[in-house]
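Common to both upcoming complexes is chain A, partnered first by chain B, then by chain C.
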Partner chain A sequence: MSKLAQSGFVMGSLGLLVGISVFNAVQLNNLETLTIENQKRIQAIEKNGVAVTGMVAGGSTRDNASDTCDQACEALKDPNNILVRPSRDWITAKTVEPGHTLRLKIGSDPRGLNPYIASGADNSMFNGYVNDFLAWPDFEDPSKYFPMLAVKVTSPDDGLTYRVELRKGVYWHLPTVDWDSGDFEWLKGDGPRGRHELTSDDYKFVYDMFDNQQIAGRISSLRPYLDTMKEFRVIDRYTFEVEFSEKIYTNQAIILGLHPSPRWLYRFDEDGNQYDDATWGLKLNEHWYNQKTIGVGPYRFVTWESGVKLELEADPLYWGGQPSFERVLFSVVKDQNAYPRKVKSGEIDITNLQAEQYATEIKENTSGVYLGNEHIKSDVHDTLGYFYLGWNLDKPMFADKRVRQALTMAFNREGIVENIFHGLGKVNSGPFGMQTACYDQSIQPWPFDLEAAKAKLEEAGWTDSDGDGVRDKIVEGEKVDFSFTILIYGGSTEYATLAEVYREDLLSIGVKMMPSAVEWSTMLKKMDEREFDVYTGAWVLSLPTDLMQIWHSQEADKAVSSNRIGFRNKDADRIAETLRTEFDTAKRTALCHEFHALLHEEQPYTFIYQRRRPVLYWDHMNTPEYELQYPHRNIRHFSFQSEPTRP
Partner chain B sequence: MTNPNQTAPAAEGAAPAEDPTYGDIVWGQFAKRKLAIGSLWGLISLLLLATYAPVLASNKPFLWHTASEGWSSPWLSSLFDRNFYENSVDIFFNVALVVFTPALLPLAWWWKKTASLKRRVRAHKRTRSIQATIALFVVVFSLVQAFPQQSPKTVYPDIETRLVEQGEDVTAVYPVLKYSFRKISLTEVRAPISLKHPLGTDNAGRDVLTRLLYGTRISLTVGVFAVALYVTFGTIIGAIAGFYGGRVDIAIQRVIEVVICIPSLFLILTVASFITERSIFHIMVIIAGVAWTSPARLVRAEFLRMRNLDFVSAARAIGQSELRIIFNEILPNALAPVLVAATFGVARAILIESSMSFLGLGDITVPSWGQILNTGRTTGIWTLILAPGFAIFLTVSLLNLVGEGVRDALDPKLRK
Partner chain C sequence: MLQYTIKRLLLTIPTFLFISLLLFLVLNIAPGRPGAANSGQQGESTQQEQKESFRIFKEQFNLDKPILLNMRFNDTQEEVREWLVAAYNLEGNATAAERIAAQETLDDHGNYLVRHLLPLLADPDIEVRKVANNVLIPASQLRFVSERRGDIDAARKQNREISKRNQRVKGWVWDGDLSEAEQAALAAGWKDWYAENQADYTWTTTEKAEAFFFDTRFAKYWSNLVHLDFGISTADRRPVFETVLSKLKYSLSLTFISVILAYTIAVPIGVFSAIRQGTRLDSAVTVVLFVMYSLPTFFTGTVLLRLLTEGEPVSWFPTGNFQTMTSDPMTTWELLKDIVWHLVLPIATYTSVSLAALSRYARAGVIEVIRADYIRTARAKGLPEPVVILKHAVRNGMIPILTLLGGLLPSLVAGSVIIEVVFNIPGMGQYIYDAINLRDYNAVMAVLLTSSMLALLGILISDLSYAFVDPRISFD
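This part shows the complex of A and B:
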């Protein structure tokens, strides 16, 4: 009897403990919601304060914009101009009325904000808002560019020299400094409200930075792309010329995609003293303004509170007209699991989701109402990039292309994308974005076919001669079991699951694979030192296409390069080199297709899929028009179509 | 399990009642604590669950018969398949399954037969039989390791359905759960709780209950092995420090202080991140590497207390060697606190393994409870969080209750 009571007591206390844990979890959740709501109230008060000033500033913009259009319209009539008339209004979007705040999130603090010193995707995103480029590529046809800071770009000798004519009447923002102290009067220019005008000297300074090897940071990773740049000539206040030593297709895209950088700010220390010519590069690395940024774009940098937020405000004098929002607020949200909650509370207007969040919030949601609010909408859009397995071709085991084809066919990519990645992607077969012309739609991915994979392995000489269930082969006089290790990033369950699925399928065709989950820094080190059999990787692609970095054999011979798998193929080298200097769009596409077919046959990578990215957004946003590369990278495309519906 | 404290039945009673030994007293005290005994039974059932996991869950049928192939037992041949059970832990338990199941009947017979013998005779026989069993185990285990078996990689439930659809006559006898802890099924991803899958499936379509069962093996092994490893090491170090004292003691004490002044979880995480291909054995060694200090300190204290007692002086006087004094005279008397610490240590080791897996630093190929929990955390499937969480909670509680029972039983002041 007492035994029964005893066990009853144990079970009872267990039940109680479970109950308390559940209760605790619920409580914590509630507490968090409350905190978020409070924050929101405070922000609402702040917003109203700013909105008033925004209305006043908005008025004076229009006249300026109409002045500059004339120069641009004139320039577009020139048949030699490389730039073309934009097919749509893309610089600013329509808004209900000015004075609203766009609320976005970033996953972590940027490492700095100078576009040429600090690296990181977030940093280039901010500078994309704060600053402008010379021209903007049309993603539907990457060979076309719309005018931005440049109104006219000509190339008299067809790709060797570029002559750029800048837009007149473009003014730098006022630097974000303490003006009231009176210590920064030396930063004032002669333009309206003490601003400096954008001149060709601002691009000369960029060239000087490329030329100065003392400057480290992001610019050093850009230098290889411009190693053929020979000379930079300032013609007049608004015109400059860049001369290259070699005609290379990507030169034009790189030149047109550069931000200007002001000499009058970065060559001076905080007290207005100019750095000397010998050491200014070193000083620039630690420049006092590197934690802030400046530009000529639609939004001016206001403040950056580490770990909390980063704020931009509309520039009333922006040459492209009134920006859509009065303020842009980036909250730093380090916990990815919090994204949907932050949208729900109205703290952010739009967010991308993790695959698992997509599954719970959107895919398994049958009600059609997301996060319990009918004003929240969902969307899924394409990205430009792909996931792959990179085989170490220097290992004798993977040297035979039939083996690699077999390994690809044993990998259930469709099943993984459909069931583990929740259908957020398409299985691809080549190294180009599936939505670009370079991708040959006629080439189908290798099918998932274990029988065919077995046959290919037999054909390549891998048989189970000793009956231990694992295929083997005599390689260089020694019997080798077909067993290898896959290097995966340990921080993500997706990769672990992917490896587990692959492992089971491989075992059923007599190939043994062990996963090795490591942290990111170890993984990078192992990939760079080529200490792997196969690794899971991903590339984010850029337009226009350049194949040299990943596929050329000269990269395979370098100690550290992007061609980590050691891919050496004469045909691939030829195509990559030809593509580098080929300017004709049709011929480029043909070359791409040839390359695609070659890689499909060789399978140095097992292409897995091209990811699609799910988003949740409030319906007061217009249907977001995304760039391919980054989600909601360009807030120029954003606007509110109604008064904000968020709480 | 009879109570050794009990005197022999009167009918046989030529021999007078013997004096109880220390072990008898402790066991008698332990047996009086109902909660501790109950927990011990709970732990034994967990151990049995771990050992008999393939009997409960496997995708290989016990018996398989088709007209063309005749009778076979894929289940039996899969038990020692190194390609299927890649982990030595599984092979270990499978050997235990195969060796001990047939041994159960003679064991029961032996137990009954020896119950009437004198205690000393029985103790001698018991030692002999334990030695024999361990020897048998080691032989079978090495044989299995040396000669890996090849079993068909087929998923029998799939084939069965196919064959039946084709009209072929199939007889198959399966375990209760027709699943393997590792077989992926992409068509059954994230299945909810149902009769077919009592705890649903995970994000790769693997049956959660099956994985939980096999996870018992991992967790118990990690606990017991890691503790055995560090208790052995720590005891030897502590014994040397306590017995010799002086400079040896000072040197060993400083090393121990260096180890304990680093927060153990951080030390574990740092060491773990250096090993790129972590297996479950690495994790045991890592746990042992940080935890050996506590038994070392306990044993050292006991040795300091006992090394000047009369029985040690007596041992010295009759010329016993130092090693003999350390291991034969003092150590058996110094083990009581270590025994308590070890019981709690098993629970701690299980928790450390779970937290390492939870943080993504475990062995991802094994279905340990921490791994399942981690999958649950990242995928948001709630059964993957609650089920292993409850399993960990249960095991750790049982171990702690047993530990408390042992502690009280060893304490002369708490005798009932």
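This part shows the complex of A and C:
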């Protein structure tokens, strides 16, 4: 009996134990569910409370702007104000109640989020949502700016000094810290809910960072652009002046495009102790808040989990009115092949595509339904990026412009864009964005014409004198074959195919060319050291146009510069210098056109094409508007036109 | 046994040192460098090139130091003059590569240049005088001391002094054309300054010996390492160790479950095909396992994703990630369910590869013992076949496969690069992949050193476990 009873007892108590554990787990789970629901309710109540305070404290939200003329509207009446009224409303009208989450993807983790320390396109994108600029280029005429954080910008001496008057009643977001711990009370300001108001000091601090040689981040790469900045003067709480030593056209764009940065946060360590004047720059490089970011823009930074996601939430106090989305969620998707899959599953609302994906999903898709869902739409947008071949002009072989023209004419650019890049581009003929006024539409690219190329080579003295099929010429008493190496980026099969097509065409006109595919860091080194005949390059243009960096001969003489090809041309120097200081739009355009014609004739680069970018998106998004430079850069232009159709 | 263990443990120290030296050298000699890959996309240049910040960046991460041994106190005045001439192309015949190399040498040698630059202020060539003066300013700057460890207040005080001294010479720039008198004034200023601060720019024999070994990248790295400081990532400027810890949960939950699963499935399969050795069923199992083993993980993973997540034919599982991307809070139970649901496919992929290899080991182990005398004895005793197999054969046949576990230790932590990339799981595999691409030396070193430490431990554990499970083996 004992054995049976014993085992019965053991089994019984075990069963009981399991039963109790399960019961406990279920109870605990119920409790957790309740807690979460309560938290949500509390958050909802808090949010409503904030919204009410916002109306009182803000005073200049868009709703009451229509009744009375506020500070910004008064300022625009001043004829000296450089800023103008926007040509159309810069926030897309909302057709759906806010409260939705916009889901986007990023291809890699940002390298820190402080806009002045970390670099990278993603980083400037986040800060574009979290923070605001002084002013924003107008949609119709990008040389004009409309007010954002600045309501008035004047320049009494036409471009030497700028006086900026800030919008009043703009408040910094609450820093994203653990407020419950009570350790961060020192971060509170005297605005509504402990927020700090935006003041001139937030721009003075940017200048201080700029002036501090210890800071190694992105701000130091801005230094060459603003080396003519002489002095920064705080006039009062909302007004400051910036003085330059020289009138440079791009100064205005750079100044107006700066984010403010709070001294009350970045000059202090995590315990609220101020850094030493001697070393604060070094400390800023590794500041405790650099993995987060803060701003005065429509969305407040919530969290960044490395490799997982980055999240923003709407700021109910935003000076420009209620943002379109309650939340913005960026998933980190490192595998580019997964982009279409992530759209299809509804994990992201919009994505760009690789050329190969565009070909399979869109171009070769005859059904008109993408990814098997009729709510998914596709589109192709212009960008400001272009591809080119850069000839090493220090090599005697490429010194003659007729040779470069011939080499361009032997390059089947139309065919390559159509067949290798699946038509995602337009063959261009000059260094400006084809959609901008600077680009002279009347200049056609050199045609693909092997016969004409042969004639040009003959003209330049390259003939096949020994009948070996390769052209040659006597250079400095020695016979040299027309044979060179093209340096290509090995990370892309498209470049390899491109080089192969080019190689065959060149061979047919008696020119020998060998492709050499290398890894990016090696390629960069070879380009810097000018150890190449010709390389395949890509460039993203910036607005407004500045030609000094790539085309001026003084850059060609520097050891490391963007003028890697060694382009030295007196006319080009003159145009670049004049353009730098010319403020008149019509004259600037004329200079651009002159430069375009010059480069077309000289062919230091063989321009291949300007890139277009394909996207896939869910149709609940308003037809997304794109900024020229970076597609889906600005989610202010995004909104939902219907309830989300994604799963 | 104890003696043996202690001996082995002591041996790991020099082994570890040697491994770290090797890793460090390979990493630092490999083409490319941190920071360079930082600007712009791969294969694409952007407008902002960061030459300016690169110098400060190098100083911050000790990248301006020589890698292993420092001989810079042996620089001569002729060499320094040559570098100046090359870097600023004063004779007009330097190639771009020479200019870049010379400029970099001037940047890196810093303080070591000062005593040679001063006499060059009186060089007959005015251009040399000019660049010598302008190079002296950055070269004379003293480095701030670390405020991260030790007596922080003293360090702060010292840094204030250093800042004051560095500021003093900042304005002594030779800009444009200077008159003879102005030039003389500048030179005189430097002379007085040098008389005051000479000690910082000259080296006694002991100081030379110290600099030879310790003013190097490797020594600086190790001096941090002994404080268990893996340094800061050159890519995102976060402390590397913190990031590694945060990544560990993703990799561990993937690899740990997979390993357990692989063992629980592989052993029965192995035993089964061992006792059915030579039959058609054995051959079938073998073929299937070899196919599974030969399929690369990126293929298996992509096929699984394609078939089971996209609704063609079914969408039972999520399209990767570790958990649902949502900001709504979840209860522990929901969270657990969610994670398990996300991990099914990656675990299946990971297991499918290790499964095949492990079951082969199990099969071989059992086949070996099944022919042993004591098995025949057991059968002769009249024991039922299941008892013979399970109690006698399998127990002994599993010894080699158990000891394999020790070797798995590092891979548990290191995760799987391919599976983590395909399934978008932000674990250690993805981390080291990105770190290598960005030449993030500190991050790569941290991950590799941890896994080599674990590998050393794993080997030790598996050796010891031999003796533990098999009484015939003894280390004494």
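What we mean here is this: the second predicted complex is superposed on the first by the 572 of 647 C-alpha atoms of A that agree within 3 Å, B and C clash if a C-alpha of one lies under 4 Å from a C-alpha of the other, contacts with A are read in each partner's own complex, and residues count from 1 in each chain.
In this text, a residue touches a chain if its C-beta (ideal position, glycine included) is under 8 Å from a C-beta of that chain, and two chains touch if they have at least 3 such contacts.
Given the structure is predicted, the values throughout are model-derived calculations rather than measurements.
Three-chain overlay on chain A, with chain B and chain C fitting side by side and no clash.
Contact with chain B, but none with chain C, is seen for A:K512 once the two complexes are overlaid on the shared chain.
By the touch criterion stated above, A:G385 is placed in contact with chain C alone, chain B being left untouched.
Look at A:A590: by the touch rule set out above, it reaches neither chain B nor chain C. Shared-chain residue A:W520: touches chain C; no touch with chain B.
Judged by the touch definition given at the top, the superposed model places A:E504 against chain B, while chain C stays out of reach. Set against each other, chain B and chain C touch different numbers of residues in chain A, with C touching more. Of the two partner chains placed around the shared chain by superposition, neither chain B nor chain C is touched by A:V234.
Contacts of A:G491 after superposition on the shared chain: both chain B and chain C are touched. Overlay on chain A (Cα): least separation between chain B and chain C is 7 Å. Touched by chain B in one complex and by chain C in the other are residues 491-492, 519, 522 of chain A.
Contact residues on chain C toward chain A in their complex (touch as defined above): 31-33, 36-39, 41-53, 56-57, 60, 87, 89, 95-97, 99-100, 103, 144, 147, 156, 159-160, 162-164, 232, 235-238, 243, 246-247, 250, 302, 305, 309-312, 315, 318-322, 325, 327, 329-333, 421-422, 424, 426-427, 430-431, 434, 439. Residue ranges on chain A touching chain B, taken from their complex, read 2-3, 6-7, 10, 14, 17-18, 356-357, 359-360, 412, 415-416, 418-420, 467-470, 485, 490-493, 496-497, 499-501, 503-505, 507-508, 510, 512, 514-519, 522, 526. Interface residues of chain B facing chain A in the complex, by the touch rule stated above, are 34-35, 38, 81-83, 148, 150-151, 153, 182-184, 186-187, 189-190, 203-205, 273, 276-278, 360-361, 364-365, 374-375, 378-380, 390, 393-394, 397. Considering their complex, residues 25, 28-29, 32-33, 36, 39-40, 101, 103, 108-112, 117-121, 213-218, 220-224, 276-279, 282, 285-286, 290-291, 302, 305-309, 311, 327, 329, 331-335, 337-338, 341-342, 344-345, 347, 372, 385, 489, 491-492, 495, 519-525, 528-531, 537-542, 549, 557, 559-560, 562 of chain A touch chain C.
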